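Should a chain be cited, it is by its letter among A, B, C and D, assigned in written order, with residues numbered from 1 in that chain.
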Amino acid sequence: MRLYEYEGKRLFARYRLPVPRNVVVDGTSLHQLRNVVYPVVIKAQTFVGSRGKAGLVQFARDENEARDRVCSVLGTVYSGHKIDRVLIEEKVRIKKELYLAILVDRLAHRIVVMSSRYGGVDIEEVGHNQPDAIFKYYFSPGSIMHAYAARNIASEIGLEGPFLAPGAGAISDLYRLFIELDCKLSEINPLVLTADGRLMALDAKVDLDEDAMFRHPELAAMGIVARHEVGELSERERFAKKAGFPYVDLDGDIGVFPGGAGFGIAAIDLIEHYGGKPANFMDSGGAPTQDKLRAMLGLLMDNPRVRVIFGARFGGISRCDDWAKAVVQYVIENRPTKPMIMRMAGNMEEEGRKIIEKAKSEHGDLFRKIRVYAYDTPIEEVIKETVRVAREQGRPETSGDNNR
Amino acid sequence: MAIIIDRHTQTIVQGITGTNAALHVKFMLDYGTRVVAGVTPGKAGQEVAGVPVYDTVRDCLKQHPDATVSSIWVPPRSAMDAILEAIDAGIKSIIVITERIPMHDMLFARHVAGQKNVMIIGGNTPGVISPGRSLVGMLPRIAFQPGRIGTVARSGAVTYYVANSLNLAGFGESTSVGLGGDPILGTNFEDVLRLFEQDPETDAVVMAGEIGGVYEELAAPFIKEMGKPVIAYITGKAAPQGKRLGHAGAIIEGNMGTAAGKIVALEQNGALIAPVLGDIPVLLKRALGSVH
Amino acid sequence: MRLYEYEGKRLFARYRLPVPRNVVVDGTSLHQLRNVVYPVVIKAQTFVGSRGKAGLVQFARDENEARDRVCSVLGTVYSGHKIDRVLIEEKVRIKKELYLAILVDRLAHRIVVMSSRYGGVDIEEVGHNQPDAIFKYYFSPGSIMHAYAARNIASEIGLEGPFLAPGAGAISDLYRLFIELDCKLSEINPLVLTADGRLMALDAKVDLDEDAMFRHPELAAMGIVARHEVGELSERERFAKKAGFPYVDLDGDIGVFPGGAGFGIAAIDLIEHYGGKPANFMDSGGAPTQDKLRAMLGLLMDNPRVRVIFGARFGGISRCDDWAKAVVQYVIENRPTKPMIMRMAGNMEEEGRKIIEKAKSEHGDLFRKIRVYAYDTPIEEVIKETVRVAREQGRPETSGDNNR
Amino acid sequence: MAIIIDRHTQTIVQGITGTNAALHVKFMLDYGTRVVAGVTPGKAGQEVAGVPVYDTVRDCLKQHPDATVSSIWVPPRSAMDAILEAIDAGIKSIIVITERIPMHDMLFARHVAGQKNVMIIGGNTPGVISPGRSLVGMLPRIAFQPGRIGTVARSGAVTYYVANSLNLAGFGESTSVGLGGDPILGTNFEDVLRLFEQDPETDAVVMAGEIGGVYEELAAPFIKEMGKPVIAYITGKAAPQGKRLGHAGAIIEGNMGTAAGKIVALEQNGALIAPVLGDIPVLLKRALGSVH
């Protein structure tokens, strides 16, 4: 998960990596602009790339100018990301811009330090035009970066004389940060030599491994909590995170209530393939509890965008009977009015079917809009049906018994 | 002899006393899998479904020296250690059910396994099944039937749906391998395709990929060399960028990991692309021609 | 360098290794015996082995008894080691005694964890009588101990059920201590299970690598400073340590002033071989300064045991002329009366010779008892001469010119 | 071609700008040793006695790709890193002058060198000399003269005295190797004995050991197999227990490392024991018989 630049720089500072003097300002802390030495750079905190081109990086010579610029940015929305904070930094005079990044090479399954004498620009472009200008240094998983390796890298990107030791130190520190904080990426672009002889990380791009957050309470203590890989969670997504199941808002009208993440992805595709629009991605995880299943269903039902729910359960580690029980209980307790088109197959399919049928016979009216297909109906047919029902929802509701 | 596991394979279960593991040990035994021992540190002397529990893999192998496969059901924070323990004790194939293993842990486990020539499958694999012979993991037996199609998928549920669509069309599986939903996998598509290519009991392969990572792309060049048809089904065409869809590994990061990119790479190298599940048996029939 | 048990246990406690509740008492802190829960074990702090047999481990049921025992031990000398401190520990009821040690295997150049179900006894004897009873687990240098390895070891020595996790934890902790503190040995004998269900290190034997002390200011802060591998430094040895040259007191009367540690060792042998008794070992190290050379010479001259000084310089990294200068200056400034028999050969031999000869011609009387042999006199002859002179020193001094 | 170094060997010097290193670079050049480059991080572009200085070994080897030997003169705290740097850059023999290297550091450096098949000599070695041909280290040239006796010793000064006693008796050295005074050595007696056994320019070997460690004992079995006579001179017979005598490695620990133990092990395996330095040429003459 991507960190904001100011979060990355706080981590850098913890690892002794030099960053410009800075303060972070949000709507409630504009008074901090008084405590800044001008001129400054004002950087909107957002995950959008190319902030410079988007006008999200500005300069200010004094407090008034800074206040104007900050106010013009706070609260605005770029590419779907709302800007809540700006980073105010001393403006340094740059003598030289370098590039430094550490990442997991997913092809080689190793850790690679990428560095270049050419920083401050799009590194992929550099790599494309001048492959030699990017120096790659590989590390086996589990290995430390010895001091000499850091010196080799520093030397290769032109850090020499009095800059060799601090340069190598910064490379080592970034590597320690990368390893100790379970990063997928830690990038400094640009790493600069300033006109007054300092080495400094002017930007900070850090991607953490969400799956390793459990062992980093120090990050939570800094306010670094779960989010999307790139972007904040929506309200519904935060609810799901808390309840313990993966959920992502999409912009359609078909609520997707599948079993299994992989099929959840497939279901979204299939819905679009047959002309529908999914309202969400969701995954119950392995063997969800009844409570969790009902919370999942509730989240969809309560979403005003959702007009129909597509459900599927292939009973593997998660059993059909448990799933059926949860559906039935939710319906009886909450009396939902949105149609549900579902398929249930696999382990305990028969038991599940009996639970549904019993409920239908006892609470016929509640289950009027609920159809549950079985093993012998291909999943594509169920989805086509769902898309059709979603379209119908636009029209006046037809009467009649939809039970099979 | 099927790929990876067979009727005679002796397996152990790490984390055997956990609720899920204990349930599926019973299912595995019912299926005929030779689960000979289990490990939960501190619980040596107990039994799970009649299977003896030991404190360490080392102790397991002292008593059951012919065990070669371990499945791992421990929590993510212990997964790397469990894998390393199995490798150190001499296990040759490790099937990692645990999901969301920290990326650096899995990289290190892979690295050590590579040095020792040990196969890791997963993390977040539903397991491996050779229908009618052996099952290691949590795959629902009901979804599979013996046959001559090899399947390999990142997702468990997709594995079942693929088998479901094969079986409805009269096909069965030689072996079905779940690679796992985690971003760093021990075994990737190419590894399994190579096994199927060599397997006399497999006529064709269905590979089901999804968004995230580059394992599908990495396998593409080998598909070109294969003598057996490969049907590819790739999900996530409608997925948003920068958001994980359930599987830790299912995420489009920048330009990497899009369904479109994978489909192009596979198609250019001779894989037959199935846009929806129902197309898989159709393409298979076409590819196998008179054989079926 | 060996640590006292109480020092080892303080390190154990830092690494969360459970040790009995204890206090350390010296002559000035007997009042602490009031704050102890009786009965207790009283253990004299010394490097002597087999303290039990030597009566250096005693028990006390109450404060009076403890005071008596402590006073009877403090200040006494065993095998040349004076006892300045005692460790007072809760007396635990032992259910099971185990053995655990981590050391550098100097044959295999690896780290080995040795463990046994049989603790509290001489482990070498166990190894001799029952080789299978000792379990050896090897680690490559630089590798960490994974949790499973600690469990394997714990399991092998019978730590099971509720003791497996704490046992493995203790093994991991001891390994971390071993690695992080640059140990040559860290041994717990016995590691016990107590009758009340605790796992506990009853003894602590820690050998540190003196050559790595520079990176452990935390040890210096605990009062752990340079000493012999086994034993405290004498006053002269402390002086030498401070002045920066290796020096060890021996009990003879020939002061040894060699160049090079290896030849220093050889010189001691040769002196004994020819019937003399060396008063010390000493080494100038590579390229000593003039000040250091004069400090070395002074240390010998000021030692009342020393009756004659044997000197040798094979000019390699250390030059003969520098050496000669230092000798001459020392003699002129300090007007020593003890004879010096020396040999000087190697780099800058000729220049050195000229310096000595010039001094002799200018200060003839001061150099009366100083002979300096050259390359063409085998070192054995010089040593024989030294031994002869040492014997003579017992007799009335003969007159006459000893210069060559 | 002498063992380890030869007239044509190109060497580099790590820590070249230090006082001692700079002095001995001059001595080495005077002796004819091909010192082609040096390293001191941050001092690239300088020169020492005409030898160019680089920031890294990697940079050295870019400019001087034929350098195969490095001598290391850095402080103990940097020694491991310097050794690893040399190994990583592709140096094949590393002569470690630095003394009192932390034991764990040296163990690790040895371990890595072993994996990469790199020879480490030292720490705390005075160096290696093939008289009249090449000298790497700080050995005083005056002590050595060309000949057919190989010498190997832990101590620098003893190396000189051994050569001194050989030369006074008319012998000379094919190569003299200082193993070093540190407790953990990169190269031990057996390694060098094997080289001398193969070396057509060596007729007999003098090995000088001292108290501490087990390297002398480890070499004993090989001496039995050797076709060339081995004279052993062991010092520390009069040394006290538990006290280091100058060399970090020169210490009797419990029963380990006594001179008596070493002498017994060597004598039992056929080495001729020289009680004092002067006995060495006497024993050599006896062993070589009519040859000399």
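Basically, a contact is a pair of C-beta atoms (placed from the backbone, for glycine too) under 8 Å apart; a residue touches a chain by one contact, two chains touch by 3 or more.
These numbers were taken from a predicted model, which means no experiment stands behind them.
*Asks:* What are the chains that chain B and chain D both touch?
*Replies:* Chains in contact with chain B as well as chain D: A, C.
*Asks:* Is the C-beta contact count larger for B-C or for A-B?
*Replies:* A-B
*Asks:* Distance between chain A and chain D based on Cα centroids, please, to the nearest Å.
*Replies:* Averaging C-alpha atoms per chain gives centres 58 Å apart.
*Asks:* Can you give the whole-Å distance between the Cα centres of chain A and chain B?
*Replies:* Distance between chain centres, rounded to whole Å: 26 Å.
*Asks:* Mark out which residues of chain A touch at least two other chains, giving numbers and ranges.
*Replies:* Within chain A, no residue contacts more than one other chain.
*Asks:* What are the residue numbers in chain B that touch two or more other chains?
*Replies:* Within chain B, no residue contacts more than one other chain.
*Asks:* Between the chains shown, work out who touches whom and classify the graph as line, ring, star, complete or other.
*Replies:* ring
*Asks:* Please give all chain pairs that are in touch with each other.
*Replies:* According to the stated criterion, the contacting chain pairs are A-B, A-D, B-C, C-D.
*Asks:* In their complex, what parts of chain D are in touch with chain A?
*Replies:* 41-42, 44, 55-59, 78, 81-82, 84-85, 88
*Asks:* Inside the complex, what are the residues of chain D that reach chain C?
*Replies:* Going through chain D, the ones touching chain C are 20, 24, 76-77, 99-105, 107-108, 110-112, 126, 138-140, 142-143, 153-161, 164-165, 168, 181-184, 208, 210-211, 213-214, 218, 235-248, 250-251, 253, 256, 259, 275-278.
*Asks:* Per the contact definition, I'd like the list of chain A residues that touch chain D in the complex.
*Replies:* Touching chain D: residues 146-149, 151-152, 155, 160-162, 164-165, 168 of chain A.
*Asks:* Quick one: in the complex, what on chain C touches chain D?
*Replies:* Its residues touching chain D are 2, 47, 104, 106-107, 109-111, 140-142, 179, 182, 184, 209-212, 214-215, 228-231, 246, 248, 250, 258-266, 268-273, 278, 281-283, 285-287, 314-317, 345-347, 349, 375-376, 378-380.
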